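Two complexes follow with subunit A in common, the first pairing it with subunit B and the second with subunit C.
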Partner chain A sequence: MELKEKLISSFMAFEERVDVDSDLHDVRTEAFKNFENKGFPTKKEEAWKYTSLNTILKNDFSVFPKKENAVEFSEVKKYFIHEIDTYKVVFVDGVFSSFLSSTTHDGLDVCLMSSALTKPKYKMVIDEYFNKVANKEESLTSLNTAFAYEGAYINIPRSKVVEKPIEIINFSTGTEAALLVQPRNLIIVGENAHVQIIERHQSLNDNPVLTNSVTEIFVQKRAIVDYYKIQNDNLEASLIDNTYIAQKEQSNASVHTFSFGGNLTRNNLNFYHQGEHIDSTLKGITIIEGKQHVDHYTLVQHATPNCESHQNYKGIFDDKSTGVFNGKIYVEKEAQKTDAFQQNNNILLSDKASINAKPQLEIFADDVKCSHGCTIGQLDEKAMFYMQSRGIPQKEAKALLMYAFSNEVIESIKIPAMKARITKIIAMKLGVNMGFDL
Partner chain B sequence: MSKYTEDDLKIELENKEYEYGFYTDIESDTFPVGLNEDIVRAISKKKEEPEWMTDWRIEAFRAWEQMVEPEWANVHYEKPKFQDISYYSAPLKKAKYESLDEVDPELLETFKKLGISIDEQKMLSGVAVDIVMDSVSVATTFKKTLAEKGIIFCSISEAIKEHSELVRKYIGSVVPQKDNFYAALNSAVFSDGSFCYIPKGVRCPMELSTYFRINQAGTGQFERTLVIADEGSYVSYLEGCTAPSRDENQLHAAVVELIALDDAEIKYSTVQNWFPGNKEGKGGVYNFVTKRGLCEKNAKISWTQVETGSAVTWKYPSCILKGDNSVGEFYSIAVTNNYQQADTGTKMIHLGKNTKSTIISKGISAGKSQNSYRGLVQISSRADNARNFSQCDSLLMGNNCGAHTFPYIESKNPSAKIEHEATTSKIGEDQVFYCNQRGIPTEKAIALIVNGFSKEVLNKLPMEFAVEAQKLLEISLEGSVG
Partner chain C sequence: MLSIKNLHAGIEDKDILKGINLEVKAGEVHAIMGPNGSGKSTLSAVIAGNENYEVTDGSVELDGEDLADLAPEERAHKGVFLSFQYPVEIPGVSVTNFMKTAINESRKAKGQEEMPANEMLKLIREKSELLEIDRKFLSRSLNEGFSGGEKKRNEIFQMAMLEPKLAILDETDSGLDIDALRIVANGVNKLKSENNAIIVITHYQRLLDYIVPDFVHVLYNGKIVKSGGKELAYELEEKGYDWIKAEN
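Our next item is the complex of A and B:
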């Protein structure tokens, strides 16, 4: 495989740029070895049964962008939640843009992975957390670890309630014919702390981009994390998002994934429980058309008693788009009194669209409440008729129904500006003006 | 046709010995261990099969050689050594025991609980039965009734010889030789099995059961069953028996093919209670079965299974809903106790328009067992208005066992409606307490609750089977409480 070869030589070039004597470099070499052994995942693997990377990997990706690129704020303003004040960590073609960002070290760290990885004062934190929850066996995660250099580093000290949301945005400008970016984020939320984070990947022109991102989130005791992923990219951008979340007792973490666009989007979302009374929420809305492909692959590992997890994924697929939902709930022997719930509803709008769903329960404890539900269907004709008979045009009626369908997820967004934004994007996607704001 | 006797066969084999270059022990009439083309040919020869059948077997064998044993199932076991198995063993002529007193008392105890008559007990445990004549006469009258209707019900070897054109047309049409590792193996070496053909528009007046041919059933390590329901016909077919059969065969790789032509209906019920291994998980049968049915227009195939035996069960009775308006159903109870493992479920392949399928699966795990449901619901782009409902419920007893569900749902049609739900629960302490309060001992209470949990599936079994299956559930879960 050509790209693999290229990555091997790039890794050698990369080794010349970084400190090869550090412990960190051992982690990188180890990870690269794993990637070299396993290579890119193929459809033969159960986890990638319905998603093929073949066509994407044929692109001649540059691993390191040759030159830095400036982006005007006015050009990209619309990609920020600009209605409200936020901390921002912005990268352009994988390189930090201090001009667009607004970072802080005042009471909390919202800064760069590159400085956290190299500066001695962060060494203890890095040693304790870096690559600790990420799956060391998974080849794409390993590839990211091998090249881990830049990304967002967020460390919220105990009992800190962060008053404004943090935005992590990755732009790609398309100066390279094809670009592979591998952001690596590390987020540590201390005891009793509270933070809201919004992540977005955005390509600014039509050259192919492949983003292989890894985010590790550590949620300490009683901390609350709300994480939102907006995936509304252009048709040449592909995203493989690997998120690993480790939760300590009584913590509460939620991840909302909004997949509205992109060539191929794969979300690997993993929750690991490390204490009792944990609450995990995984929600998502997927609305795609054309030939787009969105694959949600979730895992909730219930290892401790008295924890809850809630999953709710909604998908609307038009044209030739394809969707995949693979949700796994694993309840270990010790995890008695687990309450795990998973729901996946899909609507197919066209003959050519398809959906593959594989909800999966693996349960080893007897005193648990686990259920999953999965439906695939279409819009209710009676409801359509009802609205049309009252003068609502077909298009609007259809949009209203689809909006109602996804509302269960939308209403749990905790940032009002964000909620309005998502509503707007959905209205745009459905080609209507809803005539109401939320 | 002059009668072909055992002696003729012996002589023939002795003469053939040189040709194929292997050794046959005439006394026990068992082939040497191992598997190669010669063995396959010899099996075919021994069964006096026509040439096309031999070629068919050889083709399957060659495909099998190229295949790798699948490992994706959620079961762990020591792989059978395929070269250490003897692939043909003639039915034992001599009874194993002289009287019931010699039979394992534990086995007799189970028989008693199931309420099986003395004669049947003797038959099932391999005791020489004098009154067997009765049974034979029952079978004969039974065969007469069937023959009047034009129904063919015989062993597959007989069918290959006497209804060659039918068998040739349909065998391998639903489960091709190369379908999977075990199906290929079965196609190459199957020793016997059942064949059933229901002519056009005939409603089979009785439940067909392999039970009537129990004397021949002892042969089946690699059984092959072929059921063909011609246009507008109906048949209900029972397989297996409720009594535990102390079969020491390690590997069972059977293939069942059902063909329901236009407007036909086949109901196929299985109760499987093979030796599950002892309490420490030693021994027991590996049950790797390929079962599949094909539905033409307006046809219906319904699978009902109660799986309580075998150390490892690995089977997915499936329906290919090819014709428009065809219906597939799957009702299953899988009980695992001690160290048993079951990976079972179904595949519903919707190809025709307005096709419907229902899946009800109940898994009960106790002891240190693992119970998995694995199913596929596939809606092709042509299957307009396809409808599926799946429900998988698991009941866990104790926290050393596991319950798993792996449903695959693939839809390519916007007018399809698919619903899937799964739950996992345990027997509530309050439920047991309620029963205890009213004087029902815990063991009985558990049986009561399990029965209620499985009712939906038990109701689908033919009457006489349902009663025995209910008792079987009780026995399988004995000692799993507390």
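Our next item is the complex of A and C:
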């Protein structure tokens, strides 16, 4: 059975399980209709020109895992930022693991989407925010909405500074031959509140996994959100990450995406401005090899005056790996005094690696500052010889250059333990044992 | 220490060095002079192991060991140092951390422990004072946005840090004003000892007023066509290179 057909029958089964009388049911049904009409995106669509899901969709994915799987903390400790105390919302094969999690309702909500979607006390919040910034036209987002049931629900009240970071981790154990998981996260950050969130998807064995994740983030007035995505999964794991961020006036939101592994990774990262003096930051480091594929598809919708956006993506591609960077900046007529910056630098380490980079600026206001720069190059041979002549071996010299190349992004990581972790992963990726204390 | 015999080398199909012979002993300073395009920079690049140049004949030996099969970093570990005519800018890597990495990689290659942090700091302080380098300068990205003089001074600072057996200074005087030249030369002179050797590659005699050579060689058209004492440098300064060209 084709995956789409399977999803149609699964949706009917799913509907029976959930409350069909709720408003939510209408949202899900409408979303499913949109998916049914549009189907999975193909390379014929401009937005998916360089990324094909065909091969992945041939897997016979289970849509609901058949049994709950226990995972020992010792087995997965390394995937957490365990050096520091954090809140944790952990899922195993899409099912919440209370054992691995550390949630709270004390002064803030760090808990489960399934509770938020079903318990009456959350109804007002859900009505106001659920599926409100997610793109209702986008078929994979619709597919996620149709099956939206589990994920992290985070609600930070006004003026709350959350002292420890929140980790959202999705493990897949591979007990299913192939698994489709669709986490749905809702994050609301109240006025003047401040929170740091780390998200990770991690497969624990070699069976294929496809994650189609949707995260909606609402950043209220003057709130600050720092969001980090660690994508360092194994070669059978594919990820489609759809993140939608709505920002109110004077808020500051940043998303750092570290794409170091996986089979196919597609990041749809969307920022929408709903007030003046907003600051948005989108940064990423991609280091891949083999036949891996990473596609960054970003959108910043400047709809209001006096806002800033800063994009900086670095990519290093080895072997036959492929990358895509499509960065869209849309400046509406009202959005005067916009300051939008976009930079995308790439290094190809092999003749067979490739990157398709496409900055896309659509500007309808006349008093704006928009700039973009894109480079694709090879490793600087002169710099290599210079470093080697000082006694730094070729491999280490290469690693140091790669690290220096990525450093602009690394240095803006605000959680020191996270920064140390990323540095360590990069050293591992580059096959060197050295501290990059730059 | 350094023994170059019948060295032929070139780039792609072009022969540049056409049979160089040179013996350098510990404690000596040799100057190699010559007009543009005579092969001076090629000679330094070949000794340092730049793989863009192909050695077609002859040999380069350091303390009796043939360097032919050694990578640039292995030559560095054995004590070869090249001060670049055009030092490369490396954004994102600070001078300090570049030096830390270089020293510790060399130690690693020799089976030694990494240098303790306090010792490293002491060494950096000592050597930066020798070259009159401001501390702030050390945290800047390597060579990025440095003036010509700063780059050259930084090269000699690296030489001071690495304490090479054989240092080749490739046109270290170019781009230096008289004060910087004095500082750089003073640094080099302080590093000079009975156990190391220095090859100064230069177009002009000016630097040789400060770093006094024991021997001067004239390189022309890929060969050493004349060797002598330091007075040869004055002769070249006075007469120019035309008489060398005429004789060859």
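Heads up, the rule we're going with is that the second predicted complex is superposed on the first by the 433 of 438 C-alpha atoms of A that agree within 3 Å, B and C clash if a C-alpha of one lies under 4 Å from a C-alpha of the other, contacts with A are read in each partner's own complex, and residues count from 1 in each chain.
Note that in this section a residue touches a chain if its C-beta (ideal position, glycine included) is under 8 Å from a C-beta of that chain, and two chains touch if they have at least 3 such contacts.
Computed from a predicted model, the values in this text were never measured in an experiment.
Once the two complexes are overlaid on the shared chain, A:Ala404 sits against subunit C while remaining clear of subunit B. In the overlay built on the shared chain, the residue A:Glu396 is in contact with subunit C alone; subunit B does not reach it. With both structures placed on the common chain, the touch criterion links A:Ala353 to subunit B but leaves subunit C unconnected. In the overlay built on the shared chain, the residue A:Met387 is in contact with subunit C alone; subunit B does not reach it. Looking at the shared chain after the overlay, A:Phe99 reaches neither subunit B nor subunit C.
In the superposed three-chain model, the partner touching more residues of subunit A is B, compared with the other of subunit B and subunit C.
When both complexes are overlaid on chain A, the residue A:Leu361 reaches subunit B alone and has no touch with subunit C. The part of subunit A that touches subunit B in the complex is made up of residues 46, 333, 336, 346, 348-378. For subunit C in complex with subunit A, the residues that touch the partner chain are 48-52, 71-73, 75-77, 80-82, 84, 87-94, 97-98, 100-103, 105-106, 109, 158, 162.
For subunit B in complex with subunit A, the residues that touch the partner chain are 72, 379, 381, 394, 396-426.
In the complex of the two chains, the subunit A residues touching subunit C come out as 380-383, 385-394, 396-397, 400-401, 403-405, 407-408, 434, 437-438.
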